[in-house]
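What follows is a pair of complexes built around subunit A, which joins subunit B in one and subunit C in the other.
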Partner chain A sequence: MFLSSLIDGIATGSLYALIALGPSLIYGLLRVLDIANAAGLTLGAYVGLKVWRATGSLALGIVAGIAASAVFGLGLQRLLYRPILNRGPLIPLIASIGTFIAMEEAFRLVFGPYPFAFPAKLGLPTLRFGHTVITGVHLVILIVGLLVLGLTWFALRRTRLGLYWRATSQDMATAEAMGINTRGVVAAIFVIGYALAAVSGILLGINYNTVYPTMGDIPAYKMLAIIVLGGLGNPLGTIAAAMLIGLVETFVVMYAGYVLPRDAIAFIVLIVILLARPQGLLGRSRKAA
Partner chain B sequence: MSYLLVVGVTIAIYAVLTVALNMVVGYVGQPNLAQSAFLGLGAYFAAVLSTRYHLGFWWTIPVAFGVAGIAGFALGAISLRLREDFLAITTIGLNFVMVAVFQYLPFFGGAVGIYSIPVPSIGEHHFGNLDYLILAAAMLALVVGVSKYLERSWLGASLFAIRDDESAAASVGIPVASYKVVAFTLSAAFAGMVGSLYAPFLSAVTPTSFGFTESVVILSMLIFGGLGTVRGALLGALVLGALPEAFRFISNFRLLTYGVILLLMLRFQPQGLAGEASAVSRLVGRLASPLRKSRDHGPA
Partner chain C sequence: MALLEVERLTVRFGGLVALDAIDLAVEKGQFVSVIGPNGAGKTTLFNAIAGAIRPSEGLVRFDGREVQGSPSARMSHLGVRRSFQVARPFASMTVRENIRVAAAGKALLQSLRCLGLRSRDRGIAERVDELLETFGLARLAERKAGELNMGELRRLEIARALSSRPSLLLLDEPAAGIGADGIGPLAQLIRGVHRSGLTVMLVEHYVGFALSLSDRVVVLDEGRKIAEGGPEEVRRDERVIAAYLGKEGSRSTGTNPLGGGA
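Up next, the complex of A and B:
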């Protein structure tokens, strides 16, 4: 029972980490809270589902979903974020929320308000160890999640793009003066961030066997709680916070029952922790704001 | 006629919320995406007290004002510890926490909400839509009056100074912390006050009607009209409030329309329609300047 919950919590945490990693990387570069990333998640899920239905190939569906979401993210960055970045933090945040709400309405109008089933087989069996059960979907989430998180850590610490990301996020003007193509870095991070969103959307759709217009709501605000908790713009902190929220939610629901809706827990944890550590769980304190 | 009255009351309620929100977002420059949580707090307290404890309508107004004010005071105190983005997210979270509280505390009637809230009355006369409109207009006049008073007062000037440069404001001796808290408290209290009218007007309150989307709608109105000015807040509430009613076909696309208008506005006219230094107010200024000149340099 405990072990089952632990694995359930880690799987939930991995999924949250996948969802929150893109916006966290984007925040690190642009200081924009990219709520519209959750629209990329829904878009990826819909396109993935439609292509999988049409062709019968889940791999093709995933590729198409990633492509659609990446194009959307890149367009958003070029057409919306870039022109308004110098207007202070509130304007891009509200623009992002506006995009997200408009996209949700667009999904409802294009695909209809009813949920679609997403009964794709992932090709992994359900594992049983005594009383501990891991479903195939959870296994895939765990494998994909840990793989992506490991790759991210490697990319940030050991590759050229990671070096550029760190340089650009510390000081964009200086990075540019050092000959780094910061526009290219921003574009690459948006592509990666929205690709991750599409993958998490497809995994979410398969896990709950449903794809619907507002499926981005809960990821959108949970990812906010997670990237704040992890210290804004700190990807490794984001991963730690995602695991923490995944585990806390699972265990609170298990031991305390539904005293509160699962989805309010993230924000209560967030508000309590922010009051104790206003710079986030792993954020460095910035004295001069 | 009655339908127009209903639209009028709705717009007036939105106008109160928008003008009140302007005190925090426009004057002090603090993000607040939780205005509908304060509306909900006021509406719920009014609903619970009038249905379960049979408190008269006129007494629920100060209670709603006070309860929301206390919540606003708490948010103001929290805001002192958090900067921009962190504060914005905390206020977003507040919506979800408040909806959860309304849903799960038995005091607030649970997921179904509270129904058959008694109609307010004066003596033997029960409220009709015209009475709601008059009362909403009175509340609007009050919040506009307070805003205008703030703008001209020492407190208002200090709030603008905090918005423009917090450390500079602190260095000339403005009590930044307490003034921020005052702005949050006032803004929330007025939102709660209009909630006491909102509850009997709809005759029912449900948890989900005070969610995040509603907060975004209120903030959209403010940004559409123009941050920092009362006329901008009023214009935003009027235009975006009337839009879905004026064009019935929009009502199915209400949020899409809001979202797209908001994006176009932010992208091309971030000062809003009638904010400080917006296109419209510059135009009005230019048209009015000959008049002003002739008055200034007229025959003495």
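Up next, the complex of A and C:
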């Protein structure tokens, strides 16, 4: 029981990390809480589902979902965030929330209000070790999640883009003066962030066998809790916070039952930890320049 | 042909004229200082050349090309690099990473190669090692830039500007905030950089420091160019002395505010 909860918790945590990592990277660069990222998640799930239905190939569906979400994210950055970025933090935030709501209505208009099933086979069997059971879907989430997180960590620490991201997120004007193509960095991060959202949307859709217009609601506020908990703009903190919340949720449900809605747990963890560490898990208190 | 030509360069902030129709030219290999009292427009001039602000009027020609209003990343790719008056390191990155990140190539190459491994950048790594050595930062290479003291930050600022092998270096008050005993070694470093073949422009508040390094000096006051010439010529110029005395009249009036002979 303990072991299967542990694995469930890690699987949930890696899914949360996939959801929150994009907005965390984007926040690091632009200091904008990109709520609309959750619309990329829903868009990715719908496009993935439709293309899978039409072609029978899940791989093609995933690629199409990623592409659609990435184009949406890039468009959002160019047409919405760029023009209003220097108007203070509140205006982009509200624009982002507005976009998210508008996109949910758009999904309702285009795809209808009813949920679709997403019964794609991921091709992995359910594993049993004595009392420990891991379903095929959870196994895939676990593998994809850890793989993508590993790749992201690697990209941030070992590639040029990672170096440019860190410089740009610390001081965009200086990065620009040092010849870094900051617009290119921002564009690359939006593509990556919205691609991650599409992957999480498709995994969510398959996991719960349902895709519906407001499926981005819970991810939207949970990613907010995770990003804040991890220390704003710190991607490694985001991953740690996602794992923590995934594990705490799973174990609370496991040992205490549904004493309170599962999705409230993230915020209770957030509040408790922020009382002790206002800068978040891995965030550092800002030093005076 | 001059490496840098500035013609009738004007910068206005609202109603305030920060730079008023400045003309100047810098030949390849020259060392030109820009001096003047506080608020004369020295940093604004650098900002306008380096692409940090867009001039209201006038031309900036670099290497024969008109570049006024180009963004700072493009100026950097063309070969114009600057240091900042208030050091602006990437504080949570190491000293080595600070220099490394500033050695990025052209925009297109950056986009194509941005997922490449940093460990592949041999040529750049050698350049970074060389700069760490020259600027006395080698033993601090793995420290976070946020932990450096003022003198070290000043050297990092220049090393970082040099990492992309620019052809024109703009130094904005490189001696600001370091003690009197740090100035000599810093002047030595800057002289070395210039001798290696670089064209240098220096904005400086310490006039003696600037005059000792320069081939030519441009004097700004209240956004206008009031004098230009060799260091000795400028030192004796009545208008220059008046401008400095007018601004810093609290000094004892008997001495030349620009200091005695070199």
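Just a few scattered comments:
By our rule, the second predicted complex is superposed on the first by the 286 of 289 C-alpha atoms of A that agree within 3 Å, B and C clash if a C-alpha of one lies under 4 Å from a C-alpha of the other, contacts with A are read in each partner's own complex, and residues count from 1 in each chain.
Note that a residue touches a chain if its C-beta (ideal position, glycine included) is under 8 Å from a C-beta of that chain, and two chains touch if they have at least 3 such contacts.
Note that the coordinates shown come from a computational prediction; the quantities given were computed from them, not determined experimentally.
Shared-chain residue A:Leu274: touches subunit B; no touch with subunit C.
In the superposition on chain A, A:Leu161 contacts subunit C only, with no contact to subunit B. Taking subunit A as the reference chain, the count of touched residues is higher for B when subunit B and subunit C are set side by side.
Of the two partner chains placed by superposition, only subunit C is touched by A:Ala177; subunit B is not.
Of the two partner chains, neither subunit B nor subunit C is touched by A:Val110. Overlap of the subunit B and subunit C contact sets on subunit A: residues 289. Interface residues of subunit C facing subunit A in the complex, by the touch rule stated above, are 50-52, 71-73, 76-77, 81-82, 84, 88, 90-93, 97, 100-102, 104, 107, 110-111, 113-119, 121, 146, 160-161, 163-164. Touching subunit C in their complex are the following residues of subunit A: 155, 158-164, 166-167, 170-171, 173-182, 184-185, 188, 284, 287, 289.
Those residues of subunit B lying in contact with subunit A across their complex are 25, 29, 31, 33, 78, 81-86, 88-90, 92-94, 96-97, 99-100, 103-104, 212-213, 216, 219-220, 223, 253, 255-256, 258-260, 262-263, 266-267, 270. Note for the complex: subunit A touches subunit B at residues 31, 33, 79-80, 83-84, 87, 89-91, 93-95, 97-99, 101-106, 109, 221, 224-225, 228, 232, 259-261, 263-264, 266-268, 270-271, 274-275, 278, 280, 289.
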